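Each of the next two complexes has chain A plus one other chain: chain B in the first, chain C in the second.
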Partner chain A sequence: MKNVITLNTRKTLITLLSLIILLPYLSISLLGQTPTAQQILERIDRNQSADSRIFTASMIIHAQRGERTMEMKIWSVGDQKSFTEYLAPAREKGTKMLKLADQLWMYSPSADRTIQISGHMLRQSVMGSDLSYEDMMDDQRLTDNYDAQVVGPDTLGGRDCWVLELRARSTDLAYQRRKMWIDRERYVPLKEELYAKSGKLLKQTLLSDVKLIDGRWFPTRVVYQDMLKLGGGTEFVIHEIRFNVPIAESTFNKSMLK
Partner chain B sequence: MIRFLFKGLLRDKQRSLLPIIVVIIGVFLTVLMHTWIKGVFGDVVDFNAKFATGHVKIMTRGYSDKLEQLPNDLALTGVDDLLAELAVISPDIQWSSRIRFGGLVDVPDENNETKTQGPAVAWGIDLLTPGSPEAERMKIPSSIIRGRIPEKPGEILLSEDFAKRLEVEPGQIVTFFGSTMLGGMAMQNFILAGTVRFGTQAVDRGALVMDLEDARLVLDMPDAAGEVLGFFPSGLYEDDRAKALVDAFAERYHDQENLFEPTMVTLRDQNDLGSIVDYMDVVTGLISFIFILAMSLVLWNAGLLGGLRRYGEVGLRLAMGESKGQVYRSMLGEAVLIGLVGSVIGTALALGISYWLQNNGIDLSGMMKGASMMLPSVFRTQVTTPAFYVGFLPGLFATVIGTGLAGIGIYKRKTAQLFKELE
Partner chain C sequence: MLGFKLALRNLVGAGLRTWLNVLVLSLSYVVIIYVNGMLHGWDIQAKVDMKNWEIGEGQYWCSGYDPLDPFTLQESHCAFPQEFMPMIQSGEVVPVLVSLASFYPEGRIQSIQLKGIPAGQDLIRIPTASLAGGEGEAIKAVVGRRMAKSNQLKVGDLVTARWRDRNGTFDATDVEIAAIFSCDVPSVDMGQIWIDLDQMQRMLGMPGEATLLIRGDKAPPDLTTAGWVEKDLKILLAEVDELIKTKSFASTVMAMILLALALLAVFDTQVLSIFRRQREIGTQIALGMTRWQVVRLFTLEGAMHAVLAAIVAALYGIPLLAMQARSGIPMPQSTDTMGFAIAEKIFPVYSSGLIVVTIIFILIAATVVSYLPARKISRLNPTEAIKGKIQ
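== the complex of A and B ==
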């Protein structure tokens, strides 16, 4: 009996000693797995970006005079082509938007007209929401446009995050600096602060309802808060989304607006 | 006596010509400056009142805080009830609901796609209600350059410069694109009824005028208005009355926290017009004061010189037995005549030119390019009742006071030495 105990104690001691000896190596190994900021961005892009997307969504605008909900369906290819059709409410139903690169065309059934919007107008609010046309149609890959660095760990909503600070490579981008809280496990942004060149905080987004869709983690609910506006922000809720599905080229033709 | 003095002045031009010319120039400049300042500042205030501020204006507190953004999401609602209430509180004031908003005007090509477009600052005013004073108030009928004033819903006016830039003619269809009160998309076709030129660069760059009900329809603002403007029946801004109205209104609507609570402001409290009104009063008073002072000094000096030149004449008259008082009074009498003649001629000349400038104005649009303030491009004088006496009275009194001061020397002459001096 004494021999058995001695044997067990020995085993435990050896295990503990081994752990103590190996711990630094284990830590290094774990640290070695900490991805760089660029690697994190690549993982985010892998989750968020796609060759094409088709989704239906609701936009709930918490304006000062009350709440408005709009339903829409969006087809997009990369970050250059996007087509949006508003499905509700009645006043907006049938309104369509086509974005090709930095040009935007809008069609309204009430006027039966297609008009083109470009330049600074793309940074205006969509339907009184906290999103700009650029925000809504944005699918630019972060790795293509920003340099990033990890500024520290944080916890958000009980989830461990990396906090990333991104700086735009081009002065053309609407947000010259971004601060992102990235879910360590799923590589999905959970919070974002968007800054102007001057350093002024322009918008804040909170992303939630992260779902595994087609093998990628994707936040299906985003609350945008334009910091320059009064009001309770805008919720953008994706009901259904499909990635990398073939979309006919004709979808992005101006004739489709009518 | 007057006839005698008058003959003396006419026959001895050296005695009268210089003082009269001095009075004419002084009075002329005073009256002209007065009418010019009144005209220019009055035009600025009047233009702002009619186009933007009213004599008093009602908005929501939120709208008032961000006025320059024209935030129609913070517009007044329940305007009909508000107007009914205002009609009871102040029945003689004309209240006008207006909506000011921004957006794009888009002109279609033959394929119904964008040919040209440009940003517009739009006014929704009551153009179509029979008897509405709004069109006349904004001088729209007299500002029409091409086409006509809107006669039915769905018709708009564009400023002439804007229409030319968009290459659009009256009768053509244009599309307005903007945001509704709730932030939705507003897109509506209108027929261009005509073009206008208001005479101010800031407005003429991109003005659009449509009927209030059309604006309500396109902006989804039923029974709503961005602003309710109040105009006094005299057509002139009355500061005391405006302040009293604001105080009375503030007692009814006093919820400081509610963004949608109506609030009333005076003309003075908008667009820096308070400082313009104050400045106008100060400048007018200052000019009159400086004129009286300068004229008195000049005429005193002229009187002294005249006194020296007429030293012998005065001495002779005293030696012949005229009393000092009589000589002094006759010189004052001459001064009155000089003052009267100079003031009448100076005032008449200045009023003549002022009337001409009031009707024709001076076009300074070349200097207004890029101006963002609501300033008229054509500046005019304004002939008001004070213009008839603002130069006349100082011209007369300065002459008399100047002569009176210079003539005191008469009393210092010693009768015993007069003949010795004359020898």
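== the complex of A and C ==
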């Protein structure tokens, strides 16, 4: 009888200990099913980051006075090095851009000149799009610079999302407040809003056509919109993308611009 | 006196030939005085306008600031120097904060300069009184006529402006156009929006800072302080001086071409006159005049063209130029956006110095071109001349 009681007590203790150890994990997967914002951001980073990428894409600018399409090929390593070559239309063909950390150079074949984009030029639009050069340079990791919190569930394009609100940890970031809609199943951002310090909505990004590429979910269509400007925004469509492909170091040399 | 009378009689006797020369030469007087008077008037007007609207009696720039280099704007903001505080408070020195921003008129994006200036200032003529009371939703702003026209802005319009604060963070708000001013200085107008300084300092996170200080005539000019560089009127108006110099050179070339044509006509007349009046020259020498007396007579005759031309120029030039000095010379509309201070009408200023110098210059030039062919007389053989032999 005594042995039976001892055995039952031991079983209860083991069960309790197991519960204490597994409680945090159970709380995510079973109870609320809401991971922390930090965990969501880390999953997004894991899903999207790669050592290197090579992709071809189209940039379609829906301006007030019409539409323009540009074809390009981009090579990138991490978030510090990127080389872009414009393939079409004929007017832009041969234009190249090289980004190394916080520096940006552009080569224009018509002028046969390489210029460094800096100062007030960074505020100008890239090829008339809704993106400015400084938007292109903004490559800071969200987890390093923002405090995030899940502000609620939402549905976007038929997909269940978490809505994340991000507040800057320091005062020297371009945007003090961001809002992101994250696909709950695939951990892919589907929408992002960037706000001014005053709370005015400045830019919006819509991401769609999420595809499973090399074992990761990746949005292949992105629409950027400067919310203060009229027009249909700038659409970025990825036709082909390869992750973790070896890229020669010489690709990111200034001599490659000419 | 006898020579003068003789020369005048000969000239008048030549009839139409003389009056044609005189008319062309008189045009040179009028054109030279007109062009220089216009440039002088423009010079004075541009400098007065720039002093009234932009530069005051001089400026102090935050070190590193260069208005022609937008790259310097991000870093060009310094704390008001303590020595200047009493003058800033009394309005004898007006601080201006300058920053780059984006402006969204009718949904288009445009790069602009945002300028903060105290709402109560009256040192320069920007209508800053309209900036007061912009503490509501929208910031009150004043813009120039050119800026309003290029962006189709009206008083009361709301337009969004976006900027980066001193930490590089984006901020944006609506701006209400409180007033549109009209001035002849495009450098305070094109691509610029003026708002209240206090508000702009709060927006950018730069309290008590400015990019430049405008000095009035009551503020002493020789104040120097660390971090600020004095810019006197000579430096600030150098651009106008250069422009007038360039324009003046081009106009002088044109006037000189006209004068050269007029002097060529006088020269030709002299050559013809000496050729045709060889017997007269021979007789004069035979009657006892020295060769140089005859040369002097003919030179005087040529130079008299310039005297008569001055009288004719005065007859029609004075009323014409006086009328233009009163009513002004309208400038073409295209000059409005050329980037330099130019009024819709330029009022020429004809100084007595300009008129005297022009008369003396043309008189000397006419005398020289009259003397050159007359030198031939000194080599004439009077006997052959009386016989009418061509020499």
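Heads up, the rule we're going with is that the second predicted complex is superposed on the first by the 213 of 258 C-alpha atoms of A that agree within 3 Å, B and C clash if a C-alpha of one lies under 4 Å from a C-alpha of the other, contacts with A are read in each partner's own complex, and residues count from 1 in each chain.
We adopt the following convention: contacts are C-beta pairs under 8 Å (C-beta built on N, C-alpha and C of every residue); 3 or more make two chains touch, one makes a residue touch a chain.
The structure displayed is predicted, hence computed values, not measured ones.
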item: Partner chain(s) touched by A:127 [first = chain B, second = chain C, both, neither]; value: first
item: Chain B versus chain C as contact partner of A:228, first or second or both or neither; value: second
item: Touched partner set for A:64, first chain B, second chain C, both or neither; value: both
item: Which superposed partner A:246 touches (first chain B, second chain C, both, neither); value: neither
item: Touched partner set for A:196, first chain B, second chain C, both or neither; value: second
item: Touching partner for A:92 - first (chain B), second (chain C), both, neither; value: first
item: First (chain B), second (chain C), both or neither touched by A:116; value: first
item: Partner chain(s) touched by A:254 [first = chain B, second = chain C, both, neither]; value: first
item: First, second, both or neither for A:175, with chain B first and chain C second; value: second
item: Residues of chain A contacting chain B in one complex and chain C in the other; value: 64, 125, 230
item: In the complex with chain C, residue positions of chain A that touch it; value: 64, 118-120, 123-125, 168, 171-176, 194, 196-198, 200, 202, 226, 228-231
item: Residue ranges of chain A touching chain B (in the complex, touch as defined); value: 61, 63-66, 68, 91-92, 95, 106, 108, 110-117, 121, 125, 127-129, 230, 254
item: Interface residues, chain B side, partner chain A - complex; value: 62, 73-74, 104, 106, 108, 112-114, 117, 175, 177, 179-185, 187-189, 220, 259
item: Residue ranges of chain C touching chain A (in the complex, touch as defined); value: 70-71, 73-74, 100, 102, 104, 106-109, 111, 160, 162, 164-165, 167-173
